[in-house]
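In order of appearance the chains are A, B, C and D, and numbering begins at 1 in each one.
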């Protein structure tokens, strides 16, 4: 078992390791800031007591940004220490906090993760000191709260990987590649060097692991030195479809990550193709704002038969500067983040593919810049639908009032941002781009039949686009 | 109410402030390291929501040195948030931890302070959300654990100051001096600008406060904006004397602090005088290793009629250097911390007064240095008895094996450290130096009669010297 | 006049400002490290005495990496202070140093920039304190040393911008755009807000300036508050062509920079097109290693009629990590810098366009990675010729022995790096890609006739590719 | 030869080492701030090429506080590199700068130390590259400028130690003690491990060296691996006495340093004794403000027959705090730097010995504090005369207007600072306290006769007290 890596966090990071023998001997290192600030050679050396550990990086959502909220959480229980890393946000946290406090448990943080550790510790009466049925406790927890959580729970030499019944947050398992394998010898499972778990499969390559499989919605997986074993799959209420966050595909995940059997890059390219079908435009070239929308732009260009051309290049250093633009620069509306490749589009009609427009204040100066540098027309095509609603399941979205789609300017958006036209991808277009290949695979592959029955009806959380939340929200 | 200051901690520091109105609105800032590293203008500004707060600085004793153990602890309970700062170490912590965990409370740190907060939170059943009798909870806590703790507990607009029934750790109250007072106007209590609480009274002067009184052993004091009110005094078991840590007088406290009505400096000078009576020596001058033993040295010199002379001066910078002495310097046995004032003692017989000898490896190179610089004889007199036993009540003492008094070298100590003679103060001599003026005052002052009955029989904890602990230790 | 910006340096940075009145009142701030480490709000505030200043960022070449070598250099001369920023490396520095020292001048650094400042200061006899003919001194300097240098020399309220007669290092002038201009009003030179000078025109956009023109080889330009004035153009020896560094096009410059009237991006795309003509290949798709070779890859793909596809995505964080790969990861040959978009090329024949292969150890693991992820064939096409010779004119190139083109492995390079084939662009192909549009413009535009005569015969320095240096090297 | 240590600097620090063979191979490390910030294990390792080096720490006097002014200065001359460390300030710097610039030398800093290095480099004509008479150059420098400077000049494997003819700044030589010596074996010079040079002898002990002798006024000493050799003694103008800075005794030097054959501590005690003769007072006890005036206070107390008692203790942490006192604390006039030992002086008449009163704003709140804590009377005795004049020889003294002795308040000083009386030591009293033992030794010791003739007439610089400067000042 190795530390489960993930995208490097902006707010806090932590690692807890276990020696795999004593239920008391955890090593903990946590801190605020980027991973490379939190960890150094000394702290990693201190942590290295075995190959067993869990880690966490955090972009704050609920839970004030403080060290106390920093994960993984460790608590000592009657049956030894457990460490918990949590991705997501509980939809019934307020009720659960009150319940615990009513039993006399003081809560030292505002984080859902402490709540989860105390819920796991708290199952009175606990007369017998010597045994603890952690699976029963985990199932008990899952009965108390439907979503959203992907969890790693470490106790002694076991890590439990858990995904909520709706599968709202991602979680997948990787296998460390034995050195022999890479030299052309057979990949024999018995030679496995260990297992890793991560939110995103993209993290496996850089540590010499390969994608093994996803943890299924509701699944409790027990991971030990050599085994990956499904202990149970907690079902959703009858009729509820699964609800994996569709914005992982659109925006959050790295393009080389795999969810539900498909590469994020491929989904994004399909979104671009779909957008070309939904919103074609008479133009000379297709381009993008570097660089997250490149797959959609290549998909759009290919579907339209227009050339893909670069119109901007990144100004690498500007993002890190502390120097605030002065009044003059603001008046000039200078786009400091980009250089302009004007020779590539002078006198041409340009289609810019963007992945999303949240507030509208990023794309507007870029359009101005392109026009001043000679673009004849600038058309904007957005490879996702407009965001209109808040997320209560772990994603930090601007307030409803800040979202461009809820503002009066949205009714005349092209004019507001200075474009010749602007069209978003439809919700249906996005959902079909995401689900198309999942359904195709489900229908064609017999081998998936069993799994299909376990996963139940496939759906995706589009709450931020449609306001339809997968579960009722409690306050 | 102001932040209770104390000597600046080496390991961690924290402040929690309350707006005095909401039971939820605490501001917390904690961190590892020196106060000046933990706090800056920004963090202090963030904390400044009112004049109400508690702070803590920590020298680790039990509890691994980690940010999680950093005080004050804050927990949310059914009746709002409380913040707790704790000085001391519970003698029955292990049993209390087990008790809480058996009720399903997970403990996230190894610190006694979290234990205390959870014990205050935990008093099931807690059916009624609206009221909480904090005094009953504090008394309940004091019944669970006899010593050692001085506590500050903040809830809404109240701070409870509590000292354990044995009074093992210090705690005293100061009064902020109104600006008018300093200009010769009357000190009218009604004009009081507020109250401060601290382990050591020495901290009052630098914030414009004056010593008001000690919190008595077992006393629960309620401190609000204008009032200091005794809520209760929890008694010790029949016959047990109080047990204030005698090492506060000998070593820890700053010389201008006041405990039990006497200035620490005066006690130390009396120890020097007593030492002159117990262990006189034929010599030419009395001196000391700068600078904690100066009061004892001046007391010894005066009692003996010998001149007090400086033989060493401090090398101000050496302590902070990262440069390790190389082999050559080690072989030369160079005392890097001091400069030598050889003209002051060349050809003379020198008595050096030290406040304690813990391991013996500090005094030895100094004696060598004095001899090489011309001292004819070097006699060591130690103004406290040898430490022989561990402390389980909050003081970090080397292991029994490391203590010089438990090692074979102790039998021929003068030879081992290279002195012409070495004599320690007796335990009786120390105790009488400490208690002499307390008893005198108790006998003479009628006004103290009432208080005397409340305080009970006066004693001091000399466990590290004698092995006689004030309460039975539990494991 | 504003600070001349440039690409942010890795080794040191400095700014000197002048109040424009006193010849003594320079403000200087310099430091090691990235610009954002060297400068903060305070240091910038301190520097802001007027709108006049010069700055410098440094990637060490000759001159040990020390703060003393950090530019701009300031010296006080009989005629006041001058500040000098220098880009390049003098080919006769050793002889010039000796000459100065023979006159009794002590040199405090190993940098060419100090040499230049002392050469400017030193023109004995200097009987008259009151006047100094700086142009005569600059011409004197240019007669002493033929190349390579682009210089900014600040004295009182004037900045002299100088390029060596061979034009080896770039230097161009930008005009600050008045706020009115951006709102559609006429661009009237009389409204100019000031001038900026930079090595690369790409820096102008982000400070609200626009490209005005290049400083010509040998030109001495005097820049004052409102004027840009050519003082002189120092000619090259009869018959010598100009020698602008061709590697600025290939590698160093940002793609949106303009040299000799053409955008770097366009040159790179032409190199890709030329490469497609010189070295076509039967394949399914064209791609690149992100992201500097993208223009060449798009040019190659377009010329060949093959689709341009992304095969790798960047792993954003890996470059900054301090964590060294352990033995296991090294054995696995994991390419930590990239994620693999395997769905995009599985079973396909891939052409990878790279901009240069210096040592061969970067491309090799990428090829391995692509093959393991399913590429059927991997062909490498390099959009520049092999580097074989050291640069003595300011560019840090590996030693001759380290260069792959000088090693035995080069004879069987495809096999060495694991590719199916590998072909470099020819020197002739590179030179024609660079010069094609310059010549076209020179022939077509009458308006350039005068300038052409001033610039003389157009050439480029290809010394690192061919060993033919533009001037004889002195030691 | 080891690095010459000294008191740790507040502004900048630097070390230059030589491998002792090549005249080019210096290693340099310099930086702003405290020694422990400037140097770490890495930088020291880098410097360690041999046992030969010079270092410098700086408290800025003239010369703006910038890294460029940081010493030692290194310049390359026709005859190799030299490194120079300088203590002092040249009284004719302005004229010398002009002279150099007139010869075409550009000066890159405002520091006297660069001036000295360029003066050493500049002795045209320098036709012959192969030889350099450094002694002639040093004598030439000493003829150009009379004072004040103590210099270390390193070239190849030699360090020249130079003191100006007036001996204004200190410089002394120490001998590294062979390990054998400390174990009782004979101190044979042939076994000497090397030599060290320092401003203050106090630095020798902590590096395992012992005081050897002072560099005499005007002396040029050549120090090599095994030898210390006087090359010449440059005389003062006929009749001029030497002029060692008397404030080194009064204030700057550490008490265990030795100048002119006497320990600073002894001089300070004699000043206290002399003060008791000049200004006795009816009182109960003598004390001091910790801790620089302690020797004077002990001398005063002994001479008067009054007991020496501590009235204040240091508040260790306050000096380092960033927290500014607020209005309230300022109004209260709280002395944050000290704790008050009121039991020691309540109801008593106190004499406070201070070493100097510069502005009067330090002693005033202390007197107030003592009175409020119960002192019956507070008399101030100052163990040095009032400072009235600026120093132009290297010491940073407040402007004439800031000095209390030049202000109207001085006429009623006791009242202004709130004391019952205040008396300063006379200039004659100070001079005789300093010179008494020097003269005694000169008269008694025949062995000193030769040296006496070399040193000439003994005097001390009292310019800051009397306005009589040892040389005429040039501007």
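The criterion applied here is as follows: contacts are C-beta pairs under 8 Å (C-beta built on N, C-alpha and C of every residue); 3 or more make two chains touch, one makes a residue touch a chain.
Computed from a predicted model, the values in this text were never measured in an experiment.
A.B. asks: What is the chain whose Cα centre is as far as it gets from that of chain C?
C.D. replies: Chain centre farthest from chain C's centre: B.
A.B. asks: How many angstrom lie between the centres of chain B and chain D, each centre taken as the mean Cα position?
C.D. replies: Centres of chain B and chain D (C-alpha means) sit 40 Å apart.
A.B. asks: CA centre of chain A versus CA centre of chain D: separation in Å?
C.D. replies: Spacing between the chain centres: roughly 64 Å.
A.B. asks: Quick check: what residues of chain B touch more than one other chain, meaning two or more?
C.D. replies: Residue numbers touching two or more other chains: none in chain B.
A.B. asks: What topology does the chain contact graph adopt: line, ring, star, complete, or other?
C.D. replies: Per interface graph, the chains form a ring.
A.B. asks: Going by the touch rule stated at the top, which chains touch which?
C.D. replies: A-B, A-C, B-D, C-D
A.B. asks: Over in the complex, which chain D residues touch chain C? Could you list them?
C.D. replies: 28, 30, 66-68, 73-78, 82, 97-98, 101-108, 114, 117-118, 120-124, 126, 129
A.B. asks: Can you list the chain D residues touching chain B in their complex?
C.D. replies: Result: residues 7-8, 35-36, 39-41, 44, 177, 179, 182, 202, 205-208, 254-256, 263, 265-266, 291, 294-295, 298, 302, 307-310, 313, 315-318, 320-323, 328-329, 331-336, 339-344, 372 of chain D touch chain B.
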